[in-house]
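Some structures to go through are shown next.
Next come two complexes, and both contain chain A; in the first it sits with chain B, in the second with chain C.
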Partner chain A sequence: MFIPELILVGSMLLGIFADLFYDRKHSFRVGHWIIGGLVVAALALYLTPASESITLFMGTIVADPFARMFKYIFLLTTTIVILMSLRTDELKTVRTGEYYLLIAAITLGMFLMASSVDLIMIYLSIEVVSIVSFILAGYLKTQVRSTEASLKYVIYGAFSSGIMLYGFSLLFGLTGTTKLFEIRESLAALDGGTLTLTVATIMIMAGFGYKISAVPFHFWTPDVYEGAPTPITAFLSVGPKAAGFALLIRVFNTLFTGTDALTASVWQSLEGLPWQEVMAALAAITMTLGNVLAIQQSNVKRLLAYSSIAHAGYILMGIPVLSQSGIYAVMFYVVVYLFMQLGAFFVVITIKNKFGTEEIEEYGGIGFKSPYLGVIMAIFLFSLTGLPPTAGFIGKFYLFSAVIDAKMYWLAIVGALNSVIALYYYMRIVKMMYLQGEREDELYMPSKFQSILLAVLAVPTIIFGVYWTPIADWIRNSLVFFLP
Partner chain B sequence: MDWNILSWLVWLPVIGAGLIVLVPRDKGDTMKWIAAAATAFQLIFAVLLWSQFDSSHVGFQFQEKMSWIASFNIQYYLGVDGLSLPMVLLTALLSFLCVFVSWKIDKAPKGYFALFLLLDAGMMGVFLSLDFFLFYVFWEVMLLPMYFLIGMWGGPQREYAAIKFFLYTLAGSVLMLVAILALYFTCGHTFDMTVLMAQANDGLGSMTWWGFNALKVVWIMLFIAFAIKVPVFPFHTWLPLAHVEAPTAVSVILAGVLLKMGTYGMLRISYPMLPDGAIWFAGALALLALINIIWGALCALAQTDLKKMVAYSSVSHMGYVLLGMAAVVAAGAKNGGNVLAAEAGMNGAVLQMFNHGTITAMLFILVGVIYDRAHHRNIDGFGGLGARMPIYTGVVALAFFAGLGLPGLSGFISEAMCFIGAFPVFKTIVIISTLGILLNAAYFLWAFQRMFLGKLNEKYVDLPEINKRELFTLIPLAVLVILLGIYPAPVLDVMKVTMGHLIQIIQQSSLLAAF
Partner chain C sequence: MNDLNIYLTVGAILFSLGLYGVITRRNGVAVLMGVELILNSANVNFVAFARFGGMNLSGHIFAMFVIILAAAEAAVALAIIINLYNKFGTVNVDDARSLKQ
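== the complex of A and B ==
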C-alpha cells in the first residue's frame, strides 16, 4: 500500500508549515520533524503485510518485498544522514529548514524508484531524486565549489536523462506501451528491430549509469561529491545509488530477459541482445577506473567519491550474472555499504569539525589525537577495502561467489585484483592516522551524540562480518518480485 | 577431548588482547605480563596437545565442528594432524618468547601487545582451521596486525615496507579467494577441507577454462597465493624490506612462522586437494627451489646489513623446503614409486620448516641484541666483538653454524633429508643446489669473521654483554637446535603418519593422472 509514502509527504508538508515558525537559528528543528516522519513511515512500512505483492495507480508502481527492503534501506540512510547533518559545522551558517524538507523529498523519490514499473513513472521518480539532489549539492550558496558542483550536476543530469528518455521513446515506439510487463510481452514477440532495441537498451543504460555513477557516466561524481555539503555527499553516494540499483535490477530483468527471469534461480538474457556482456565490461571498467583514479586524490571527499565509483563497479558485477544469487549479492552489498560508507563520511565530518581539514596529508597522527575516531575510521576503511572480519568482506564474498557461480572467472579476478588497488589508497588514510605522529597527552573524544552514532554504524560493520545470518535471511525473504 | 583445546589455543590470545585494551594506558608493565601470561598458557596447551596427540592415527584429531553460516555451508571446523602440530608448537613457542623479546617496547605498548596477540591468534587459526572459509579469514586477519606492527614500530622505511608487505600478500590472497570459490562451486558446495580433499581433484580435472585444464588454473592461483608468503622467487622482494624494517620480535614471527604458512598452505591444501597438480608442477617447483636456494644465498652474501643478510638466508632456507616438497613425485608411477625418497623429502620439508623457524628466530633475536647496543647493523662496522662479549659470541656461533647446516645441529638433518629425497628424481638440480650449502657457509662465516674476530673496534670497548632476559629468549631455541640435531625423532614421529598418507594420495593419483 501507499501509506508510508503518504506519511512521508505528510511529514514534508508538516515540516514546511513548522518551518514558518522557526527563525534561522532554530530552523534545524525541521530536521527533528522529518526524523519523526521517517520513523512513523518505517512503522507504517512494518505494519503492511510482509509478503504483500500488488500494483498501484493503474499498474504504474508495485509494492513487493523487493521494493519493501529497499524502502527500509532508504529510511535508514535518510535518518542517519539527517542526524549527521544536525551535527556538521558546514551547515551552521545557512538556514536549514528547506534542507531537511528536500532530503525527505528525495526519500520519496527513491521510494518510487524502487517500485516503478512504468516508463513514465521511472522517469518521474528519477527526476524527483535528481532535481532535488541538484539543489542540495549547491546548498552552500556562498561557496564557489558548492555552486559549481550543483551546476555540473545539472548539466550532466539533464544530458543523461535526455538520453534515457530517448531510449524510452524508442522502446515505446517498438512496443506501443509504457508498462514494463506489457513491453516485456511485446519484446518477446518482437520480429526484427533488434538494432533499435539494442540502441534503446544502451541509452537506458546510460541514464541508469549516471544515477549509479558507473564509468563512463561518472564525470560529475568527484566534483559534486567534493563541493556538496559532506552529509549530502554521503547521502548521494548511498541512497540514490541504491535506488539506482533497485531500478536497474527491476527494469533490466523485466524487460531484457527470457521468460523465467526473477522466478528461476538462473535465467538468460533476451536473445540477440548483448547487454549482459556490455554490463559485465562496464562493471570491470568502472571499478578499475574508480580505483586507479582514487589513488592520486589528496582530498578525502574526492577519494571517497572515486572509491564510490569503484564500489558501484563491484555492485554492478552482481547484475549481469542473471541469477537470484547475483541480485542477492547486490542487495547484501548495498546493506553493508550503507553502514561503512556513511560511517566513513561521518568520521570525515567529525574530523573536519574538530581539526578543520579534509586533506589526507593533514590527517597525520589523528589516530593518536583521537583514538576513538582513529579506530572507528580504520574499521570503516578496512571494511571498504573488503578485509575480513568486516562486513565489507562478506559483501564482496557474495558478489564474487555469484560471479564465479556464473562461471565469469575473468570478472571475478578483475574484481579481486581491484581490492588490492583499493587497499593501497584506503591504507594511505590509515597510514597518515597511525604511522605518523606520536603519543598525545590531550585526547579528543567526540561528543556523546557523535560517538553513539559512529558506534551505531561501526558495530554492524564488524558484527555482520562475523555473523550475518540475520541479514542473509532478511534478503532471502525479500527476493520476491511482483510479476503478473 | 571435551574441553575444546584447539579453540582455547586460538582464542586465548584474543582474550589476552581484550584484557590489554582495558588496561589504562600508563600501565605498560601490566600489559606485558598479560601478554606473557596469555602466550604462556597457549604454550602449555600446545605442549599438552602434543602429549595427548596420537601420532599413529591417520586423519585429524581433536576435531571441533560447528555450523557457522548455514546458508553458505560455512563451518567453524578445527582439527590437528601431524602436519599442523609442529607448526602449532612452533607458533606457541615463538609467540611466547617474542613477548620477552619485545619487553623494551615503550612506544604505545597497549597497541603493540594487543596487535601482537591478535597476530598470534590469526597464525594459530590458520594452522588449525579445516574449513577453507575459516582458513581464509584467519589468513587475512593476520595481515592487519602485521601491517601496524611493521608500520608503527618499525625502522626508518617502515611505511613503505608495511604497505609493500600488505599489498603483496593481499594480491596473493584475493587469488586464493577466487580459487576457494571456484572449488566451492565445482566440488559440491562445501568449504570443508576434508571433503574437498576427496572431491576437488576429480571435480576440477574434467573441466576446461580458457583452454586450460581447470585444475591447473586453480593450482596456479593457489600457488601464487602461497608462493608470495614463502616467498618463492620472483615474489620475494617484499621480504628483505619487511624483515629489516620490522621490530625484532616481529621479524622473528615473520621469518619463524609467517613464511611457513606458504609451504603449510601448499601441503595442507594444494597437495591433498589437487594431487594431479602437485605431480604436474613438481619439476617447476624443484627449479624454483633451486633458484631460491642459490639466489637467496647470493643476495645474502652481498649484504652489509646483518639483518638483511639473515632475511635473505631465509629465502635460501625456504628453498630447501620447496625442494623437499618437490621430491614427492619420486613416489609417482613415472618414477617407479620410490616411496622412501618421497618420505625423506616430505618429512624433511616439514622438519626444515620447524628447524628453520627456530634457527631464524635465534638469528633475528641475536641481530636485535646487537642492534639495541650499537644502534646499527653494519657487518663491517664491528670487529673483534668476540673478546668483548664472549657469551653473545658463543650463541651467535651456534646460530650461525646451525644456519649453515653443520652436522650435529638441527638444520643439517632436515636439509640433508630434503636433498636425499629430491636426488633420485632431480639429480642435476640437487647437485647444483648443494652449491647453496657452500654459499650459506660462506656468508655466515664471513660475517662471523668480520664481526667477532680480529682487532676490537675502539668504539665498542664498553659494549655490555648479552643480558639475562635476552638469554632467556635464546636458550630454549638453542636447546631445541642442539637436541633436534642429535635426535630429531620427537618431531619426525609426529608427522610421519600424516606425511605418509599424503604421499599415498599423490601416489594413487599418479596412477590415474589425466596429464
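== the complex of A and C ==
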C-alpha cells in the first residue's frame, strides 16, 4: 500500500507548517518533526502485510517485498543522516528548516525509485531525487565550494538524465509501451532492431550509472562529495546510491532477460544484447579507477568519495551474474555499506567539529587525543576494506562467491586485487591517527549523543561480521519481486 | 511511415545539437540550453512514436511529464548559476575549479 509514502508527504507538509513558527535559531526543530514522521512511516511500513505484492496507480509502481526492504534501508539512512545533521557545526550558520524538508522529499523519491515499474515513473522518481539533491549539495550557499559542488552536480545530473530519457524514447518506439513488463514481452518477440536496442540500453545505463556513480559517469562524485555539507555527502553516498541499485536490478532484470528472470535461481539475458559483459566490464573499471584515484587524495571527504565509487564497482559485480545469489549479495552489501559508510562520515564530522580539519595530513595523533574516535574510525575503515571479522568482509564474501558461481573468474580476481589497493589507502588514515602526532594529556570524548550514534553504527558493523543470520534471513524473505 | 522518419530525424538532430552544446559551451546558461535541447529531442521522439506508431497515449503523457520536470530542473539550475555568479563573478563553468586537485 501507499500509506508510508503518504505519511512521509504528510510529515513534510507538517514540517513546512511548523517551520513558520520557528525563528532561525530554532528552525532545526523541523528535523525532529521529520524524524517523527519517518518513525511513523516505518511503523506503517511494518504494519503492511510483509508478503504483499501488488501494483498501484495503474501499474506504475509496485509494492513488493523487494521494494519493502529498500524502503526500510532508506528510512534508516534518512533518520541517521538527520541525526548527524543536528550535530554538525557546518549547518549552524544557516536556517535549516527546509533542509530537513528536502531530505524527506528525497526519501519519498527513493521510495518511488525502488518501486517503479513504468518508464514515466522511473524518470519522475529519479528526477525527484536528483533535483532535490542539487539544492542540498549547494545548501551552504555562502561557501564557494558548496556552490561549485551544486553547479557540477546539476550539469552532470541534467545531462545524464537527458541521455537516459532519449534512451527511454527509443525503447518506447521499439516496444510501444512504457510498462516494464509489457516492454519485456515486446522485446522477447522483437524481430530486428538490435542496434537501436543496444543504443537505447547504453543510454539508459548512462542515467543509472550516474545515480550509482559508476565509471564513466562518475566525474561529478569527488567534487560534489567534497563540496557538499558532510551529512549530505554521507546521505548521497548511501541513500540515492542504494535506490539506484534497486532500480538497476529491477529494470535490467525485467527488461533484458528471458521470462524466467527473478524467479529461477539463474536466468538468461536477452539474446543478441551483450549487456552482461558490458556491465561486468563497467564494474571492473569502476572499482579499479575508484581505488587507484583514492590513493593520492589528501582530503578525507574526497578520499571517501573515490572509495564510494570503488564500492559502487564492487556492488555492480552482483548484477551481471544474473542469479538470485547475485541480487542477494547486492542487497546484503547495501545493508552493511549503509552502516560503515555513514559511520565513517560521522567520524569525519565529529573530527571536523572538534579539530577543524578534513585533511588526512592533519589527522595525526587523533587516535591518542581521542581514543574513542580513533577506535571507531578504525572499525569503519577495516570494514570498508573488507577485513574479517567485520560486516564488510561478509558482504564482499557474498559478492565474490556469486561472481565465482557464475564462472566470471577474471572479475573475481580484479575485485580481489582491488581490495588490496583499498587496504593501502584506508590504512593510511589509521596510520596517521595512531603512528603520528603527539600525545596529549587531555583526552577528547565526543558528546553523549554523538558517542551513542557512533556506537549505533559501529556495533552492527562488528556484529554482522560475526552473526549475520538475521540480515541473511531478512534479505532472503525480501527476494520476492512483483511479477504479472 | 515516412512522416515518422522525418520527426525522428529532427529529434536526432536536436539531440546531437544539445550534446554538442553541452560539451563545447562554457557558459553555464548555454550548457543548460543544450540540456533542454536533449530533453526536447526525446519529447519529439515520444510524441512522434505515439502519433505515427499507432500507439496509445503514453507517449504524449511522457512528454508532458518531461516538460514539467524540465521546468523544475531549469528553475533549480538557474538559481544555482545565479549563486555561482554571486560567488565567482562569472557564469563560466570552467572558472569554478576551486575543488580540483
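By definition in this document, the second predicted complex is superposed on the first by the 482 of 484 C-alpha atoms of A that agree within 3 Å, B and C clash if a C-alpha of one lies under 4 Å from a C-alpha of the other, contacts with A are read in each partner's own complex, and residues count from 1 in each chain.
Just so it is clear, a residue touches a chain if its C-beta (ideal position, glycine included) is under 8 Å from a C-beta of that chain, and two chains touch if they have at least 3 such contacts.
Computed from a predicted model, the values in this text were never measured in an experiment.
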For this session: Examine A:Thr469 and indicate which partner it touches, taking first as chain B and second as chain C; both and neither are also allowed.
Result: first
Exercise. Is A:Glu127 touching the first partner chain B, the second partner chain C, both, or neither of them?
Worked result: second
Exercise. When the two structures are laid over each other on chain A, which of chain B and chain C touches more residues of chain A?
Worked result: C
For this session: Please indicate which partner A:Ile204 is in contact with in the superposed arrangement: first for chain B, second for chain C, both, or neither.
Result: neither
For this session: Examine A:Leu151 and indicate which partner it touches, taking first as chain B and second as chain C; both and neither are also allowed.
Result: second
Exercise. Which partner does A:Arg302 reach: the first (chain B), the second (chain C), both, or neither?
Worked result: second
For this session: For A:Ile163, decide between first (touching chain B), second (touching chain C), both and neither.
Result: second
Exercise. Which holds for A:Ile135: it touches chain B only (first), chain C only (second), both, or neither?
Worked result: second
Problem set entry | Partner chain C, residues of chain A touching it in the complex | 119-120, 123-124, 127, 130-131, 134-135, 138, 141, 144-145, 147-152, 154-155, 158-159, 162-163, 165-166, 168-170, 172-173, 176-178, 222-223, 226-227, 297-299, 302
Seminar exercise, completed: In their shared complex, chain A is touched by residues of chain C numbered 8, 11, 15, 18, 22, 28, 31-32, 34-35, 38-39, 41-43, 45-46, 49, 53, 55-56, 58-59, 61-62, 65-66, 69, 72-73, 76-77, 80-81, 83-84, 87-88, 93, 96-101
Exercise. Where on chain A does chain B make contact in their complex?
Worked result: 382, 387-389, 393, 397, 400-401, 404-405, 409, 412-413, 416-417, 419-420, 423-424, 427, 431, 434-435, 438-439, 467-469, 472-473, 476
Problem set entry | Residue numbers on chain B that touch chain A, as the complex places them | 68-72, 107-108, 136-137, 140-141, 143-144, 147-148, 151-152, 158-159, 162-163, 166-167, 170-171, 174-175, 177-178, 181-182, 184-185, 209-210
